[in-house]
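Letters are used for the chains, namely A, B and C, taken in the order the chains are written, and counting of residues starts over at 1 for each.
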Amino acid sequence: MADLTRRGLLAAGAAGALTLLAGCGKDQPRQQAVDGRPHGEVTVWLHGSQDTGQQFQELVHRYIAEFRVDVKLLYLPVGQLDAKLLTAFSGGAPPDVFKIGHWSFPAHAKKKRLAPVDTKALSLQNYEPGTTTPLTYQDVPYGVPIDFNPCMLYYRKDRFEEAGLDPDKPPVTWEEVAEYSVKLTSRDRSRVGLQWLYGDPQWALMMLTALVQGKGGELVAAGGAKASLATDQGRAALTYMSGIGNPKLSNPLGALGLFYSGEAAMVVSGAFLGPALEKLGKDTLTFGKQYGVAPMPTWAGGPPVVPAYTWGWGVAKDSPNQFTAWHLVNYLQGAPSVAANLDNGIIIPTKGWRDAGPRGKSEIMKIVADSLPHVDFGPIIPGTLELAKAAAGAVDSVAYGKSTPAQAAATFDSTVRMVL
Amino acid sequence: MRAGTILRAVWLIVAVGFMLLPVYAMLVVASAPDDTDLRGLVFNGFHLPENIRLLFGEANLPTYLRNSLILCVGTGVLDVMFSAAAGYAMAQLSFPGRRVLFALVIGTLALTPMVLVIPVFLIVKELGWVNTFQGMMVPGMISAFGVFLVRQFALGIPKELLLAARVDGAGEFRIFARIAVPLLKPALITLFLVHFLAQWDNLLWPLIVANEQELWPLPVGLANFQSEVGFNYHLTTTAALVTAVPPFILMVALQRYYVAGLTFGGLKR
Amino acid sequence: MSVLDGVRARPQATAGMLGRGRTRPQATAGVALTLPVAVFFVVFWLVPFLAAIYLSFTDYEMAGTPNWIGLANYERMFADPGFLNSAWITVVYTVCTVVPTIVLALLVAVPLSKPGRLNRRLRALVMIPAVMPLAATSMVWVIIYSDRGMANTLLGLVGIEPQSWLTSSDLAIWALVVMVVWKSMGLFVIILTAGLQALPGEVYEAAAIDGSGAVTTFTRITLPLLRRTLLFVLVISVAGSMQAFVPAFLLTGGGPADATQVLPYYIWANAFPYEHMGYAAAMGMVLLAAMVIVSALQFGFLKGGDE
């Protein structure tokens, strides 16, 4: 009896507190731009990048001068972006524009936090076909891509030579990758052939996507309602991954560092890695000499599957100034940006992006362009983050010998069943 | 006896030396010209001064430093004031609600702050404090630790002393200000230091509340700096060394007081 | 102050009794001195806490209206391998950081508490790790733990094979523990040094006359006398360890293969970015209950050693 009363009181108090708290965020009538003219104030949250930061700021200043719009930029540490953005959303105080990973779009869209792309301010026709799909949820486009990265294979020519492999013939199939990796791996496994990115959910999901779909399997089925690794293809993928690489190798710079030091003779990465390697040590590693790139491998006779990710610009549904927000995004994605980003190996996939600068003609960018028809962004579902976490769990537990591929696949299935 | 003394000195030097090894690694990395050698073992030239100059030139380090000082000193002083008052009252005065309040304060010690982030943010927003100094400062202003610490020490103030003051006709506030505070001074300085250090390292809350870089304290600035320059260990480590200087100076300067401070409630009663 | 003037020079025992030996000036002063703290804790702790309790019984996903789902979140926990794994890691982490920190701090503090110029210098140096920002020190520890870093180099000197500190699911937790012990030791050395310096010198003189050895003196005299300080240090460090989230977040990101995913980290991940706020709140409440029990045990000890 006394217990009940106490619980009643507690609930009443908590409910009262919550009502008080939740009251905010629903006020402020959201006025829209009456005409197609940008105006007012726009806040933008993004993570910084030294290479393109300067150019980006100049662009924003030009926009401010040209359109008399007050743009407020806030650079955020990439590791804390989620916490900041989610708190702001649930507190009803989101920024107008933000840059987030494509894997975050479906969840935000499902929770009705995103404003659809305003086609009066921004034309989606300008983008390479397929590159806006991961930013589209239930047929509604919610964002445009920046920093688009399809996977490709980086390999160390010098390591190939040492191992008696032809430095100009990178592996084309996963079978060859395995074969070469055996030759490139030292007895104590301190030097390996292909090295995976362990512990990284997004990359684990991408690799499993490539290996499972490439064998004709399906990682995610029924429009995102089901996911499974407990299939022939799923178990084969886990077995394959555990046979290559060494999860215990470590380097402060991660796989980039291992590739730079030569401990890893191959890594799967994106277009950004080339410039990053150049920046790290120009004298040590030159493209075409010590290292080269190749398209993402396929299974022998199998279809090409190129996993990819992208960041994207989104606009908050609660933004009072959506037209201007999209107008600004469109401006920030314009030709000068495409050129400056490309110069740093960062791709804004608007049509004709390769002609924006000399780097567009590079071998890396040719691989990117060629892989466009085969790009696979993985499942576009609200539970992507947890799915990816479960994928990393499966890959890592097999790699560390904690479970067999079959066990890991079963664990994966039961974990994601709770999520999807 | 002599052998014992030498043995003690050797052990101490070895132990402290081990504690300083990571600091050595830090110096090595912070003095490097780039990130090509990340073992932190041997100096590859001494580029620390250049790295520091680079930092002060490019990043908003001076702004972050200023904000951190405002945040840490501001909340530190407030915490000391309020904790001193409440801790003393809870230890030495009899008033209604004393036990409830003490339970409330101690209870918060066991509460995981991460489940409170959203509710506290909503309150801060309701108060109109998003993107302000008070928004960053006030929610972490008073620590349960501080109130608890002061109360424990205040329990050690001899009752006779206070009684004598009352007999002499001193009012309660006067007794607090003139007798208790001086006696608690070492404990309060200790509290100030602990609070300062905790705030100096506080990343998450300021990041969530502040929407302009102008308001950022050091940890947020450093975290951002790290993601801005990408793979850049040597400059971030340089920044870490620079930011450790103010709390270290404070520590050494106040050493005399806080060492004495913690002796008070200990045994001498 | 005029209210207080009314009771001037009157013996305390007879001055305006308000029951339970309470006097009006004391009550007034007590309320006035604690009022700011009371308001603060109600607004910034109690109200959010009640909100969190409420949320722990809902399916709140950081959007829309929370729906009451009763005990479902609490039931879910005990079927969730992630939670059970994290809870166990938190136990290991807490025990293995608290005990070595205090033992090592004591081993350093005892000789360090002796007066002398060398000791004064060393006391300042001991504090350096404590004043380093954790975000940056964790980067340095990544370097120390790398394949050819300081940890392996030092072990190589005594003939131990290089280890994969942060990328081995067996070793990562110990790598984390070492960093945390290093970071938190300095403050405890200082607190213990202070406690030791307060010990009455006569006791030691008596022990010396008795001809007690150093070890006997330490276990029979120093430790019992230091009990209060030790328990104070214990309470702080246990509470700190059970809530620690930042070190694992920064050094290992909970990995490899969830080997360093302490409970506060798991709670954090469920809230941000997975948005299971209701579930996170429920786990927070369980952690709270565990901490209340552990604290109660310690307070029992503290009381026992007090009077």
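What we mean here is this: a contact is a pair of C-beta atoms (placed from the backbone, for glycine too) under 8 Å apart; a residue touches a chain by one contact, two chains touch by 3 or more.
The structure presented is a predicted model; accordingly, all values stated were derived computationally and were not measured.
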Per Cα centroids, the chain farthest from chain C: A
Chain pair whose interface holds the most contacting C-beta pairs: B-C
Distance from the mean Cα position of chain C to that of chain B, given in whole angstrom: 14
Centre-of-Cα separation between chain B and chain A, whole angstrom: 37
Overlap residues in chain C, where contacts from two or more other chains coincide: 47-48, 51, 55, 62, 139, 143, 146, 271, 277
Multi-chain contact residues (two or more partners), chain A: 17, 21, 83, 87, 90, 251-252
Per-residue overlap in chain B, given as positions that touch at least 2 other chains: 38, 117-119, 123, 203, 223, 226, 233
Complex interface listing, chain C residues touching chain B: 1, 4-5, 8-9, 11-12, 20-23, 25-34, 36-38, 40-49, 51-52, 55, 62, 104, 107-108, 111-112, 114, 118-119, 122-137, 139-141, 143-144, 146, 148-150, 153-154, 182, 185-187, 190-191, 193-195, 197-200, 214, 225, 228-229, 232, 236, 239, 243, 245-246, 264, 267-268, 271, 277, 280-281, 284-285, 287-288, 291-292, 295
Residues of chain A that touch chain C when the two form their complex: 10-11, 13-15, 17-18, 21, 82-83, 86-87, 89-90, 104, 107, 111-113, 190, 198-199, 247-252, 263, 385-386, 393, 396-397, 400, 402, 411, 415, 418
Chain A contact footprint on chain B (complex, rising order): 34-36, 38, 117-119, 121-123, 125-126, 130, 203-204, 207-208, 211-213, 220, 223-224, 226-231, 233
Residues of chain A that touch chain B when the two form their complex: 17, 20-25, 43, 47-50, 53, 72, 74-80, 83-84, 87-88, 90-93, 95, 251-253, 256-257, 276, 279-281, 284
Chain C - residues contacting chain A, complex: 47-48, 50-51, 53-55, 61-64, 66, 80-81, 139, 142-143, 145-147, 164-169, 253, 255-258, 271-275, 277
